[in-house]
């Protein structure tokens, strides 16, 4: 292979010439729109610290990215050898060139995966790499990347501008002091980087360190959390603080979307057991089901958009969790019952014009069966973008096919990249923009929508839906 | 946009030239076949009364059609403002021009939805509308439609002939006196409009007004329903009456497809509790599960084809039900277990050559997993058309893809429009005919079936399957 | 139709010219690769006995193949009239020409089904039939087939060579003496036809004749099975024997993929109840859940690859089971919970480099939700080919679309034909090879993989994945 490594400029467009030319026209209208990132996991320090860098190639592409290292792990590469930090003190590979070598030797594992597509786009179009990674060329590519990463155009702040990110929302613990956000606001980045209120570490009683987190909550809120009532007050205080700091939304994670209102004495009893370390797994599940209702009530009152991500059984692999902690690629989806699960919440708030809920699921069979019908009825409910494993070309197609006919475009919330991998943000949005344009082109050439409407819809997918869903200015 | 608003004559055909030309050829053979409507909700009075009209444009397209107004409601348009009748006395919009205005202002919400496609087809091809609805042209279109609706070609009876409807089956309560059907028979329409026996209002113990319905059943059947035994006798009497009036089928709705045989004393106990107003939700579920077996037994004896529609959790939104009643767009599907649910029924009747059951579901994941394997084994079972949310171009494609390889064409029951919206009947059948022809064209160009077989199959999809499934002459 | 009956040489390739030409190029590279059959149900006697034949056309295509006769049964053809052997003494059709006649009269039932495609490929390309079967030509085709079947090129051993089968694994009861395999080894076929250890008849306590099977196990193992401990010893002995006879793998069937470790006293209690005929259905389910863990432990120790086929509710139709026994087309899939079901097994063995588990399911909604994420994380887990109803062109496409982006190619196990129908083996592999090549061609023309990578991947799909997954030399 002497040809330089490239990506097809027409990638993700159907090969039918008529459809492809419509897709190209639609894409040319949205390709350059600014990026809205209403949900994601970029550390705010990366942008708050003007001296922050993206690190080594291994730190950029492998070590913090469970999409990448879980695939290598599944094929027998120990995570220790990939430099993934351990929580049990096991030593890991510290030589980032060796980590990079292992990755390049196994680059074929990413064939036909979305991760492979993002990595290729970043390496080729962001970093100017001209060779597909192999064991042979690994160190040569490492040298090339190191050189680029050392240059001023590759600092996070330079890239933020180059990527044309209009707004980037981070995800922050309820107990976070938001000091990085304060620093960003002080520098005039307040409208560009916004915090999101994610209280799971204090609302999920089964969280490791929950009792400690409650102490932290008391400290940061200034409200002594001694019972359920003071707990709610402290949460309310934190929400107000987040709103002052620019937050537009909250985010909640739950194994299932079950919601249920407990009686005052039940919920107080559970909380009090939790405070004294006696809450069990059943208590935790019921508390989550109840607290989602409290969060919805607060959202109706304070106007923060509520996001719910449900359907993953976290930490499926205990040995891996013990050695490497959370969020290391061992979270596995389960079937979800949104229709019955969300019913109490929607009965309480689904018709409330002050309230907005955006939901994200991992059970694709619920798209057409439950999520699209719910979003196509309840005024308060929007369906979020295809999430996690389904943030992929084929995942997006299945989402569009299953959702749009029933929910309609306008009951969905556009795209978010949901990533920690800052440098991958444009690649992820590009896959969404290409895929939605091609899907719309399919609608045009089969006479379901005309090209004028398709143009409007393409702009909605790329920009408008997210802007309105999150109330971005 | 100065070009008149049109629909692509090749709509829903794949753009590949080879496939498209096969699709066109197949479609040209079935496009003009008569329409069979073996299941639907057209009020028989619409055809029995020679003076009946389709009403105003709002009455025709919006007010009675929950497919339409639920989409507007989901985007914050109050149903009162759409003229949807309330059951709690709340006043609603009475000016149909204003209702129409709201609809046209929001016509973009139907982009890429099946409702949008039917509406467009009706407006363009049935009513000769030349402009896509907008807030600006809404009243102009209203004037145009009013004029057409006032002309004699747009009476229901004229349209029935123009649509070339061979048979239209309505859906009628067990307690219905079928006077409209009697009138139709007296006028010689007996073979064209047929009743269907739908006993849910007396077999579902949780129906609002159930006790009253039982009194009505006593009255119409002439059998005093005082216990379970007389209840069955009354049902049998009504079935006989429906058969005399031309009925070919029964129809049953259930939240789940669960069937279970209760002991004589159990079922008598439940029925007696229900008569005295003491049956609970669990009683109602068990009674439904048992009564489906009784209905299957009666079908095996009297030859009425049994239809079962299962999988919707009705009235999900209590506030909406209180204000607007039933069937207003707030019924949401749930996961279904057909394999275990139907087992008792199929053990009892699945091999009985006198019995036929046609099932309809809303959990697409069950198509390939349960419904196609069941239909592909049991002689008595046929799989009905994609239902409700899935009566759509992409819904049909998923159905064909998931079902046909396992069930085979001949274990399915063709198409039915399942609609109250009389004027939309040809549009709905046309989507099915186009989609099945295009799907078959895909099979031809990939060498899976030859074009001769595909022609036979296209005629089966459009006409033959439904004719045989329901025993239409 | 005067043209001879043929199959399109480009069948299963997308009609887009660019995609089709890539598909052709990829297919030309894998079409001729040897066949690996790592899982199937061909009786070893067919190859061990040099005088074995394929029998009459009815014996070859209809009588033993539930894929075929269940479709005829579903359309009202009694299985007795198809010569399917009964277990209750009911006499059946003995004239194979009449069986063949019924089949040919109903050949249209197989339109667009995978069975129809295999049958067509066999009839046309293996047997040189030039007419599509009908009632009219049935006996003429019978004559033609009889003539071919009598010729020496159509003996199983000749076909084995002609098919270029490199390895064929059979499925054998734990109590099997493997005499046919011994005969094959004695003749030098040892590397070509290998046994697989399938212990269901002794591990599933609900098996009819289980107690008798345990006696057989005692006899064949030489270990007197008197309690749970001696049961495990006997199983271990049999596994060793199978390994000596060339086995590479075990195979296990379960209604659900549930695994659970019972305490020593629990499992001993269940086994002892079973020995005395007092185990109930719940005991059987828990025993299976536990025994899968024991089998995984033994696999980690002896290196036999473990296969698990789960998700079918066997013998759904009691009347059919009573008359015809097991495996007659009345097994219906159910929804499966792999994430929670396999958790205990994967916690115990999922990270064990000595262990390999290959899973096969029948709930397609679990592909993207559970199976691909699990296979994309656990080093020990591979996802098997689309199974049974999904061993079909569209089933394979759904599998590839749903699995590959998340699991990656290399966490899957290639193809196996899973068939009793020896003569259909090349047709089944050919459908897989064509479908994977076309799927890859779709990836190439949309710029997701380059053609060089696609070539590697096509060879993996056709040959490499299965070879490595099962440790074939």
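When the chains are written out, they are named A, B and C in that same order, and each has its own residue count from 1.
Basically, a residue touches a chain if its C-beta (ideal position, glycine included) is under 8 Å from a C-beta of that chain, and two chains touch if they have at least 3 such contacts.
Everything numeric in this text was worked out from a predicted model, so none of it was measured.
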State which chains count as neighbours of chain B and simultaneously of chain C. A
When chain A meets its copy chain B, do both sides use mostly the same residue numbers (more than half shared) or mostly different ones? different
Whole-Å distance, C-alpha centre of chain A to that of chain B, is 40
Residues in chain A with touches to at least two other chains are numbered 16, 335, 365
Could you pull out which chain C residues touch chain B in their complex? 1, 7-8, 10-16, 70-71, 73-76, 108-114, 117, 313, 316-320, 329-335, 362-365, 389-390, 392-395, 398
For chain C, which residues are in contact with chain A within the complex? 16, 18-19, 335, 337, 339-340, 343, 346-347, 350-351, 353, 365, 368-370, 372-379, 381, 401-402, 404-411, 443, 445-449, 452-453, 456-457
